[in-house]
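Structures are listed in the sections that come next.
Next come two complexes, and both contain chain A; in the first it sits with chain B, in the second with chain C.
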Partner chain A sequence: MYAASEHNADQRTILSLRGVTKVFGDFTAVEDVNLDIAENEFFALLGPSGCGKTTLLRMLAGFEMPNAGTIHLDGKDMSLQPPNRRPVNMVFQSYAVFPHMSVRENVAYGLKVAGVGRSEARDRVEEALQLVKLDNQADKQPDQLSGGQRQRVALARALIKRPRVLLLDEPLSALDAKLREAMQMELVRLRHALGITFIIVTHDQDEALSMADRVAVMNDGQVQQVAAPLTLYEYPTRRFVADFIGKMNLFSGRLESRHEDRLDVRVAGLGPMTAPTQDSSIFEGREEVDLAVRPEKVRVTAEAPEGESRVRRQGTVKNVAYYGDMSYVFVTLDGAFTINANVQNEARRNDPALRPGDRVWCSWEAHDMLVLAD
Partner chain B sequence: MESWRKHPLLFWLFLLPPGFWLAAFFLAPLSVVFVLSFGEKSGIIGIEITGTLDNYIRALDPLYLGIIWKSILIAGGATLVCLLLGYPVAFAIAFAPARWKALLLLIVILPFWINVLIRTYSLIAVFRGRGFVNMAYEWLWTRANDLLALAGLGDQNLLGEYFTPLPLLYNNFAVSAGLVYAFLPFMVLPLYANIERMDRSYIEASLDLGAGHLRTFRSVILPLTWQGALSGIIIVFIPALGYFFIPAILGGTDSQMIGNVIERQFKAANDWPFGAALSLLLMYATFGALALRAVLAGRNAEARGGV
Partner chain C sequence: MSRSNSSLLAPHSENEARRPPRQHRKLPPGPLDYSRRWWMRLPLFLVFFFLYAPMVVLVAFSFNDSKRNIVWQGFTTDYYVAAFNNTELMEAFINSLTIALMNTVVATLLGTLVAIALWRFRFRGRAAFEGLTALPIVIPEICMGVAMMAFFARIGWPTDLPWPVNLVKITIAHIAFSFPFVAIVVRARLSNFDRALEEASTDLGATQWQNMRYILLPHLKPAVIAGALIAFTLSLDDFVITFFTAGPNTITLPVKIFSMVRFSVTPEVNAASTILILITIVTATLAMWLQGRSLMHPLRSRQTE
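Presenting the complex of A and B:
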């Protein structure tokens, strides 16, 4: 039920997955996945390795057939179609650029197979090579290219088929940091230029959050939450998503009382806390719930903070990790709970503002608290 | 890696046994053969090294050239059949589930546990007039005749009056089949190694780009596993060319190969110098084939922009 997503109603659904399940032996790789992906959307499947995201992508490409469920593309059932019959193309993690063909032959392969006429094929190859800025490398062999260039060949080779959906399997994982950033921007540019739906598989949350319109977070074969990057970061609904994306302070507590728009929770060592919730009925019958607050929402001050709406606890600085632009401050609150706060190093200074052993106040807005299901 | 330079004594100590082996059992006999090929028979066991080229000139006689050509045809045909059979077998093993692979490979190399001579003799039991193939064929023939009789066509002798066994033994077919049987594993193994090593995503990429399975095989798999096929061709064709006991056991009067001729010179004909010359010519032909392969492989690497 958490897989149901905020989905732009004005955009047409191009790809629709219902109850998609894949089992290998006694291992369930993908379990009951329901997703609707809109036309022209940049969609990311995000999760740790082994979460089933690649298997799901391979089912979209046709390399694996689902054991249960259906995959509809443009309203047509594609679940059991072989890969060469799907209007979908893939950029492989290893790029899989054919080593015995030149760049031009690689890019032209899909057209040649489809029997596209010689002059049209030549124009389209030229166009595709220009698109990925490889037009001056067309006659090189793959082993003369860098990793980034090989990836562009794989991209051009897939895009030349004018697919309805482009699938990208960990496309940036083999590139170094600088190249990865450039390629991220390149992919976003290409998507806008071509108006093709992109589905990208990644284990890198920065990649997913910075590029995608919407992200599906997966774990243990199941979709945990589908949302736009901002919603995913600021309003995770489940403990796994809150923990996996960014940094998070998590507190387990006992549910004391349930109101329509908030929960009263008693956290061991921290006392009573109140957290807002949109739908408190989810927590009916629950005794334990998880509360969370992002480290950058926590302010560390020497004096007791002003403001009625702020949650405040006193503690002792345990450790400060300095990162230049910011510092991670770990404060052991009175009651033995350690909380993590991000402090921006806004002003230039000669000695650290906080040292281990300092007595401080930690505070955050009550409405920044999150309540998480399971 | 270069540390042996600091201990030359140790290096030579390790080199000595294999060096001795090569010198005593390979270079020395080969030199003897080389010298003999320039000799002349003098008496029953005497050989005089006169530096004559007569043996080589005799080897170029149309009679022997014909036998060499026929040997090339038979060995080449057997190699081609090995290649055609070997590809699907190697493919099936490479794509079999992991737990089956070891067993399937074992089945391929299992015949090596029995001496090839014994296996060749046992082929006689398979191919002869009342051998297993013909017995099966006769059974089918009889059943077919019974069926025809049932259909009221019994007295027409549509399948001939008597059962005639297929002539499978003591001819070129038997020799070719024997060579295929003996050498198939040598084709399967290098092919398997190459297919196994190939990145599967090339196949998936080809399918993803709209190619069917046949097209994928022709345009992607074949060019990428060609090196394995080339290795298989070399290690099947070269020994098959010089094999003598398979044609001797399974062949008929007109299916002798160059190996048989050479063998006869050293034994029945007692003409060692001529046998030596023929052996060396066969070896030079082999070198030629290997050189051709190196050139082909080199051109391939060049085309790919490699070294």
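Presenting the complex of A and C:
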């Protein structure tokens, strides 16, 4: 029923973090992070600004040393290795393209400092430039390039080192919307072409969900949940994740009784209901629990809906936000809270299907409901 | 209302747009229009007059065909020839150039390293050290000159050394007051160095030394050159400190000119001074141009984004 939150067993773990913690003064930027990242995985660190994503990435690159915990790469302890000794390369948020070097010199830099022979270096530079489609810009200076091109330079410069893991810090945040979409596809293509593990930091959930194999959601320096995009969206386990990713109706209820795979909960104004759970033991001893249901799982109908398994309640339309293909409908349920539903505008109409003040039924499948730990 | 009206009456509004622009009114001078107020133009003129008139006269009279420097008699370059044939003057000039070159090399190196150390490292007493470094800039030159003289006498610095070793004493004094200027210029350039470049370099496998050589120094280059030129001019035309540290065999050009002027201001003195002015102006202009470029560069590359 649930997609595995751990990566597939047949994939080898390349990077393993145990209890990784970083403290600045008396401020804990990253706290007790445990992660296993598989070979060739496209892994995303997602979270709001200031939650410690960059700090965690910089510890992987070697620019920050963890105050506690270990980082193993290919089974070797890397925790205190300096950045120039790690088979890991980084694409910086600002790209950090060397301004006094041409595109070609930038890309060749990592080989030059490593003392790679001239003819081998030339071939590898050409290859890297072709890979990021910059072979016809090779002799330009960075200030003649657009933002997107500069990013490609940064990418080629890192990839030429053939890193075991490529780290990308908010690689798309400085690009405009169109370029960002193109670059997203480009990154996915590169990952498949090269078979390198990618770890990308982002605060943009669409980016993380659409590109990554697995996503770690962070908040306040802690990893909240690690899962594949689908699992993260459909089965968030914690209130922060449910709220942060996508839109969500959240309401709290009183825990009546606990079964192995479900909880009986009484919600004020809605009455008793049963919500499925993966692991009911985490709710032991709790009186209050958070329940959630996605707006697109809520159906709004004029007539009382059919179906035994549906949670249903009558209410009054409070507000309708029209978006063309769909509308966000806010319905105040009788004697309860306001709930948000997405209504697809399937058939062409000349006037709105729903208006504020309309009496409607809201309903959703009981198994679409979520119970959240905090 | 008026908006919809004008769009309904489109031909009319088009006519209006084609009408020639109204004659501009002559506006009163704005707060920053200094040059349009006569009483602000006057001090400006006076400043330029007193600053440049003496120099123009000095240069002009170096070409005056007269032994006495008072009335214009006609054009000649004889005094330049005389200056070049004056062995004492030429010796002083060569001493000055030698000192300036030695000073430039050491002061540039020292100033650059001090600037990098102050920027790169955190250590106890850093602020105090930074203040001490800048001290020679604010200390009255005469005090520094006297202090230098007393210092060299106290430690018993030998006086009868062969050329050019005998110039080392003056050079040390010059380095002491000129390296802070280099440090300040380089420090300014360092403050807009993007640390991410250094990190990117390290990430790509570079050692600390490679970072310095391939990333930091290329960034600093214009400031280092500007600093070197400043150190060169400071040393070349320094009089006060040199006067106190020079011996009978280590006369520099400014000191020599001073001693010549004490007898009489001849066109020969004018010629020597003109050459000194020329060298100073050329190096100072070069320094300012380079420094301006080095400070502008990051802005320029940001604008193109």
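Operating definition for what follows: the second predicted complex is superposed on the first by the 368 of 374 C-alpha atoms of A that agree within 3 Å, B and C clash if a C-alpha of one lies under 4 Å from a C-alpha of the other, contacts with A are read in each partner's own complex, and residues count from 1 in each chain.
We adopt the following convention: a contact is a pair of C-beta atoms (placed from the backbone, for glycine too) under 8 Å apart; a residue touches a chain by one contact, two chains touch by 3 or more.
Model, not experiment: these values are computed from the prediction.
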State whether chain B and chain C clash or fit side by side on chain A once the two structures are superposed. clash
Just chain B (first), just chain C (second), both, or neither: which does A:Y322 touch? neither
Based on the superposed arrangement, let me know which partner A:Y109 touches: chain B (first), chain C (second), both, or neither? both
Should A:N89 be classified as contacting the first partner (chain B), the second (chain C), both, or neither? both
Touched partner set for A:K140, first chain B, second chain C, both or neither: first
Tell me which partner A:F24 touches in the superposition: chain B (first), chain C (second), both or neither. neither
Based on the A-chain superposition described above, do chain B and chain C contact any of the same residues on chain A, and if so which? 61-63, 82-84, 89-90, 92, 94, 96, 98-100, 109-110, 113-114, 143-144, 154, 157-158, 161
Looking at the complex, which residues from chain C come into contact with chain A? 194, 196-197, 199-207, 210, 214-215, 218-219, 300-301, 304-305
Listed in rising order, the residues of chain A that touch chain B in the complex are 61-63, 82-84, 88-90, 92-94, 96, 98-100, 109-110, 113-114, 140-141, 143-144, 154, 157-158, 161
Listed in rising order, chain B residues that touch chain A in their complex are 199, 201-202, 204-212, 215, 219-220, 223-224, 303-306
Using the touch rule from the top, collect the residues of chain A that touch chain C in their complex. 61-63, 82-84, 89-90, 92, 94, 96, 98-100, 109-110, 112-114, 142-144, 147, 154, 157-158, 161
